[in-house]
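What follows is a set of structures for review.
What follows is chain A paired twice: with chain B in the first complex and chain C in the second.
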Partner chain A sequence: MREQEHIVKSFEEELEAISTQIAQMGGMAEAQLAAAIDCVTRRDIALAERTVLEDRRIDEMEHDIEEQTVRLIALRQPMALDLREAISAIKISADLERIGDLAKNIAKRSIIVIGDYETPARLMQGLARMGKLAQGQLKAVLDAYAGRNAEEALHVWRSDAEIDEMYNSIFRELLTYMMEDPRTIGACTHLLFIAKNIERIGDHATNVAETVSYLVTGEMLVDERPKSDQTTTTAISALRDTQ
Partner chain B sequence: MKTAQNTAQAESQTATNGATMTPAETASPQVTEMHPIKMTARKVDVFYGTKQALFGVDLEIRDNAVTALIGPSGCGKSTFLRCLNRMNDVIDNCRVEGEIRLGDTNIYGANIDPVLLRARVGMVFQKPNPFPKSIYENIAYGPRIHGMAERRAEMDEIVETSLRKAALWDEVKDRLQEPGTGLSGGQQQRLCIARAIAVNPEVILMDEPCSALDPIATARVEELIDELRENYTIVIVTHSMQQAARVSQRTAFFHLGNLVEEDETDQIFTNPRDKRTQDYITGRFG
Partner chain C sequence: MREQEHIVKSFEEELEAISTQIAQMGGMAEAQLAAAIDCVTRRDIALAERTVLEDRRIDEMEHDIEEQTVRLIALRQPMALDLREAISAIKISADLERIGDLAKNIAKRSIIVIGDYETPARLMQGLARMGKLAQGQLKAVLDAYAGRNAEEALHVWRSDAEIDEMYNSIFRELLTYMMEDPRTIGACTHLLFIAKNIERIGDHATNVAETVSYLVTGEMLVDERPKSDQTTTTAISALRDTQ
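Then we have the complex of A and B:
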């Protein structure tokens, strides 16, 4: 119990229910992300197909949370902390839903790559590590939400740079494979999107971190988050120079 | 002119605040801090007999802004409101200590005539209480005793302007000689507001002005309050948290005779600093 209870018990219960559903949805997003990474690293087509289907449940959950929150706002007119709970629930569920979509997309792409390309071990390790980092970020931020802990959320927010750096190196690596053997371009492009999706999942985890911080402190984070994704400015000519 | 400027400033401030609500922004001067101070209360204690009802209240009321006083029943908010135009004088065993200033004038000073003071600081009550006279006479009464109009035409003008400002003119212009008590509740309340405006006050105090009105009449009065803010300083006591949030720019929370917290209204309702304020506005008071 984080606060003194409301005089109106049903209001208390509704807020609790929404918060519990966010936790459940978070658990589902974690499972989907873990499964998606496994699809890639274990080359498991059956798992990939299941993961793609499973995403629908996260979508339904988001819909559910949104409906309940809108209802709560309309009927209870929450104030202060309660209002922030409601707004945060909508924002976090949207981020989790996006994480679910990205995981589904990873699973989809993995099916093509598995049939098409023998991914080099080094690259596979890189993707696995990046996946682990994103999973860690997602878990940490969901824990921060469950514990209403702004400090932990801020830690997640700052740690995103690590995923960005991993992405940079995978991006460069994939470019070199494609230059060496143009027949790999199709599969490598899918792998590139897989890496990008993991990187985006990290970004959504930091969005959730911002929301948790707002939920707890009532103030929005203003600092520009340290951005380390350099791929938007990486050109092939630059790669040639470094080789 | 000055008022128009203030409003424009306030609006541009609101716009920037709305765009980025950040810790840095909330620390900077806020919407109503741009407004000059109209009334100041310093260390105000109020006693009913031996029972103390208010404890050392310090509060600044800003010009051309609506200040809402909120708090549970018996917290002292109405008592404080009534101090602002010396309505407590009429209660026998009531004693007010401390200082309350309107502009530079100490309103509890020896040379202050409470009747004149109440022309500068008007009041609207919870239940609409029109005089048992015509609509016209309800408005004309105040200006007449204050000698504000010499000729009938002048009085007609005051009546029309006041009713227009109270957004009631179009509804009653054809029946000014009918009794004020024949109007609907919402219209009666706007008549009382028009009556308060008629003597050209600087500050208007409102003690739960909408608690006896239906939602539509309430919305009309709230819209009116928002319009009146351009020319008057308004202090409103309300039990409706939503109403305080809707109509005011600043909110003061009272509890057990103490002023707990006073701040920008959006700050109070999104992120109050004091735990007691948060518990009250979120419905957690034990």
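Then we have the complex of A and C:
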């Protein structure tokens, strides 16, 4: 009996340790995203270089979490909620790793843009706002995970359209700058990918929201997530992006 | 004893059924990628519309495979290789789902481009070649998975740099077209994202290669994958992309 209790407690402890690591990894992804946005808006090359280097730590964390979780499943053979905890850990850490990658890519591109282009203030404000939105989504979904709160996760899942709308507006703005002054095409293309990366970070936050919802309820969200995309198959103008 | 044998056989059957579904899903992803490239190079709007609609089937397959695999882990509590099979099924189906999404996005963008721009033949040839490379990578990695062949998977993993190089060259070409004729900026931006999507499909094939290698050997590939990216932190020119 004692032995049994010991094993049960230790399993919970292991699961909790993984969950804590995900929270840490989430914190790192948040910090990397904030730094990446600062690289762009403050034109800070030293910060950009640090942000690129820092990404390796997030990659290592994903690797560790996956390895520990697979070992946990193999040794402990969890069922029901415990198994969902383990599967969710693998999925969430994969999304956080991708968010880290995208933040690194934003930092890399910011270095090119900084050296190449006096970016209009209005555009920088737009990117900063979009970055803040994505940070808010990431923070909210990490809170939802920490609290195992499906309601909060669903709220994040429903709010993704706002980032998409902002992306569409920045997309149009950037194309306008390029047409007005073709010398800016190189830099604006990188800014376009930066905006796209922020939008994709929002998508990954939405993925995490789906995983948290599945973790808590045991049901997967199967509906198409709400997309604020009016273009799709009947595009009147090329000056809008499509997701 | 009989009972035991029955359970063992049935577990293997279930695992094999999941593996077969992944092969089917892989075939669908290959077909969607081929169709998406045809949409762009043949300017076929009807095909593009079918390709967009068809993506839903790949999404459903991912959902089914994940559900079945989690149930299998819960009921059968597999260990070692069997557990790696199950975890790999979840990871590979997630990558195939993303490949399907990217193919859908290529098809959507092709509709905008077709209506908007007389694309230069040289550019179309480049995109077609890049598409063929990505198709080859996807086919090779699905074969590696079917044969549980780590060597073949490693070969795919190492070949990703070729797609990246081709992407860089198309990136430069597109920027040149935009600068020469700013009226093409809208359409060329979509072609840029189309090329980026093909490059990302190559990345997902590389992810699958990592998973196959892990499945067969039990070890994760931890090295940075070979990237053909000479720009990164010291960019002299904005006329090159960064990964």
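Things worth noting here:
Criterion: the second predicted complex is superposed on the first by the 221 of 243 C-alpha atoms of A that agree within 3 Å, B and C clash if a C-alpha of one lies under 4 Å from a C-alpha of the other, contacts with A are read in each partner's own complex, and residues count from 1 in each chain.
The definition used in the following text is that a residue touches a chain if its C-beta (ideal position, glycine included) is under 8 Å from a C-beta of that chain, and two chains touch if they have at least 3 such contacts.
Only a predicted model underlies this, so the values are computations on that prediction, with no experimental measurement involved.
In the superposition on chain A, contact is made by A:V113 with chain C only, not with chain B. Touch criterion met: A:F11 reaches chain B, while chain C stays clear of it. In the overlay built on the shared chain, the residue A:A80 is in contact with chain B and with chain C.
Contacts of A:M220 after superposition: both chain B and chain C are touched.
Judged by the number of chain A residues each one touches, C leads among chain B and chain C. Comparing the two complexes, residues 77, 79-80, 83-84, 220, 222 of chain A contact chain B in one case and chain C in the other.
Chain A meets chain B in the complex at residues 3-8, 11, 77-84, 217-220, 222.
Every residue of chain C that touches chain A in the complex is listed here, in rising order: 48-49, 52, 63, 66-67, 70, 73-74, 77, 79-80, 83-84, 87, 90-91, 94, 105, 108-109, 111-113, 115-117, 175, 178-179, 182-183, 185-187, 189-190, 192-193, 196, 220, 222, 231-235, 237-239, 241-243.
Across the complex, chain A is touched by residues 20-24, 26, 241-242, 245, 269-272, 277-279, 281-286 of chain B.
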